[in-house]
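The following pair of complexes shares a single chain, chain A, combined with chain B in the former and chain C in the latter.
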Partner chain A sequence: MPAPAATYERVVYKNPSEYHYMKVCLEFQDCGVGLNAAQFKQLLISAVKDLFGEVDAALPLDILTYEEKTLSAILRICSSGLVKLWSSLTLLGSYKGKKCAFRVIQVSPFLLALSGNSRELVLD
Partner chain B sequence: MQTGPYYFVKNLPLHELITPEFISTFIKKGSCYALTYNTNIDEDNTVALVFMITSRNSPMIVSIDLMELSLNLDSKKYERISWSFKEKKPLKFDFLLAWHNTGSEESTMMSYFSKYQIQEHQPKVTLSTVRDLQCPVLQSSELDGAPEVSCQALELFDWLGAVFSNVSLNNEPNNFISTYCCPQPSTVVAKAYLCTITGFILPEKICLLLEHLCHYFDELKLAPWVTLSVQGFADSPVSWGKSEHGFWKGGEHLYNFVIFNNQDYWLQMAVGANDHCPP
Partner chain C sequence: MVRFKHRYLLCELVSDDPRCRLSLDDRVLSSLVRDTIARVHGTFGAAACSIGFAVRYLNAYTGIVLLRCRKEFYQLVWSALPFITYLENKGHRYPCFLNTLHVGGTIRTCQKFLIQYNRRQLLILLQNCTDEGEREAIQKSVTRSCLLEEEEESGEEAAEAME
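The block that comes next holds the complex of A and B.
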């Protein structure tokens, strides 16, 4: 029996992602403070609350990965909340009285894009 | 399977990439690629050699067709370009280089650029095995999935990102830290093999890898599908074909092949907001 003819379908999506993903790192100016995942998330929520209020602090925000040693994380935020989260991270200046800043390393609507970072390519 | 080598050259004057000798040794005898190393496309001058040299420092883009140039090296156009790169604006960059030799002679980048501290590198390969991995159920004929039967192609795309970033896939809906879970319907596979290759990799090597993966299903296998994802350099000034590549919130341009055991395949291509739609 002859094989059926190959079919081809092309679908183009524009802004298909419900979420945006951010790879971030918290840096302290002097000696750091340890934060576990729950404390880290609480810090993010309070940063958004300080700038935008209670309602926006309830934006769905997930910490997909968290490394306590380096205080780095991959965050997932609904796309409509990206600007609010990013601006809150930008304006966060201290935690428990210690000066700190968030570094935003990568942002993408595609989580797969965050699995590598060509800007971090190191040649041995 | 070898996926390299590639080369790193420090402080290479840009005019070295348009000399008749370079063009006849590398450009005409294979596929040669170069990209400036450690230059951010949204901040610095960036140069890429694909089928042409493209230099970009927003909003200026300079494109030079080397093959066209090589047809008439006595032309005023070539003289002007050469003078610009040598005298008017003698730029130097650190370059990543790779070359696919289709000629019979054994020219090498190492000897050609020996006066410029050239180093040879091999792409870094990391292998890992994940046990009891929750995987989305897919149907090759249903890109948009079917309720209770299979997942959407977009859901697979994000799930792949989760797997390669070591994201936990089975969080409860009331978990404070994360509610992310594997798209449904899903199945648990006993073992999944992940391989990451990092470096300046030739398209020809990627094609070979893809061919190998296609042959994976020549014999009967339990796996329903395999995937190959490729990410372009965020700071490349070109994307698919000769399309200009941009960096706004991010410089992502990537593609993913899903090869099914029935020889169907999906090709997913994703670009950032500053790029044109892929071909």
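The block that comes next holds the complex of A and C.
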């Protein structure tokens, strides 16, 4: 007797996450330069606009957290725009005439992964 | 085989002002397209598209333009064309837009398409024209182009019969 066919459903996630999250830090050559969140976002968008034009400057980019003291932020970008954002952050050289550089600390498709960093782990 | 492959974009310049087409110059158009690509796609787009970029054919009377670009980046050029809104020449600014008619891999395919397109345009013009003198002139051009087509066909048939 043939056994009854078992019904099952297979779900395959080819690309589980449509967003990528980046933890970045902005470093200036001189100290004493402050930016608020709006100026930070303006800097990011102008960096992308410089390299990739108006079309890619309109990519949905979000700043999830921003700390003004350390100038570090967590950004969210759709996965197709990750390479463009990262390359334009790499090539950004100055803000209002002052030399600066973006340090990318962590990149992950999952936001939870950015909550802990084994490099900054302190063992008692 | 190893060669650089290109894409040829056949476009038509559409404008309200009749002086716009007459002031078309290949250098003016080339710099306009390059500036638009730089604005829309940034330094990356400007550099990528300007390697193999050239204006291959320009007809000031009908406003037909043939642009050449590399096959890898032709979509960047194509997507930047709708952002061209005006043509600037000697301080005069004419609003216009570029309508893409055909994308081909060689100049010959674009030429074949252009011949068919012009035949169809002549028939449309014939329907729309109001002046009697113009109507006769257009009818003459239409019959001439149809005769040329028949001559080509009969020539091909004769060649097949000989074989």
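To be clear about the criterion, the second predicted complex is superposed on the first by the 108 of 124 C-alpha atoms of A that agree within 3 Å, B and C clash if a C-alpha of one lies under 4 Å from a C-alpha of the other, contacts with A are read in each partner's own complex, and residues count from 1 in each chain.
The rule is short, and it goes like this: a residue touches a chain if its C-beta (ideal position, glycine included) is under 8 Å from a C-beta of that chain, and two chains touch if they have at least 3 such contacts.
Quick caveat: nothing in here was measured; it's all calculated off a predicted structure.
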Clash or fit, chain B versus chain C on superposed chain A: fit
Residue contacts on chain A - larger count, chain B or chain C: B
Partner chain(s) touched by A:62 [first = chain B, second = chain C, both, neither]: first
Touched partner set for A:9, first chain B, second chain C, both or neither: first
First (chain B), second (chain C), both or neither touched by A:116: first
Chain C versus chain B - closest C-alpha approach in the superposed model, Å: 22
Of chain B, residues touching chain A in the complex: 8, 37, 40, 119, 121, 143-144, 154, 157-158, 160-162, 164-168, 176-180, 196, 198-199, 229, 231-235, 249-252, 254, 256, 270, 272, 277
In the complex, chain C residues that touch chain A: 38-45, 79
Residues of chain A touching chain C in the complex: 49-56
Complex contacts: residues of chain A adjacent to chain B: 9, 11-13, 16-17, 19, 21, 37-38, 41, 60, 62-66, 74, 76, 106-108, 110-119, 121, 123-124
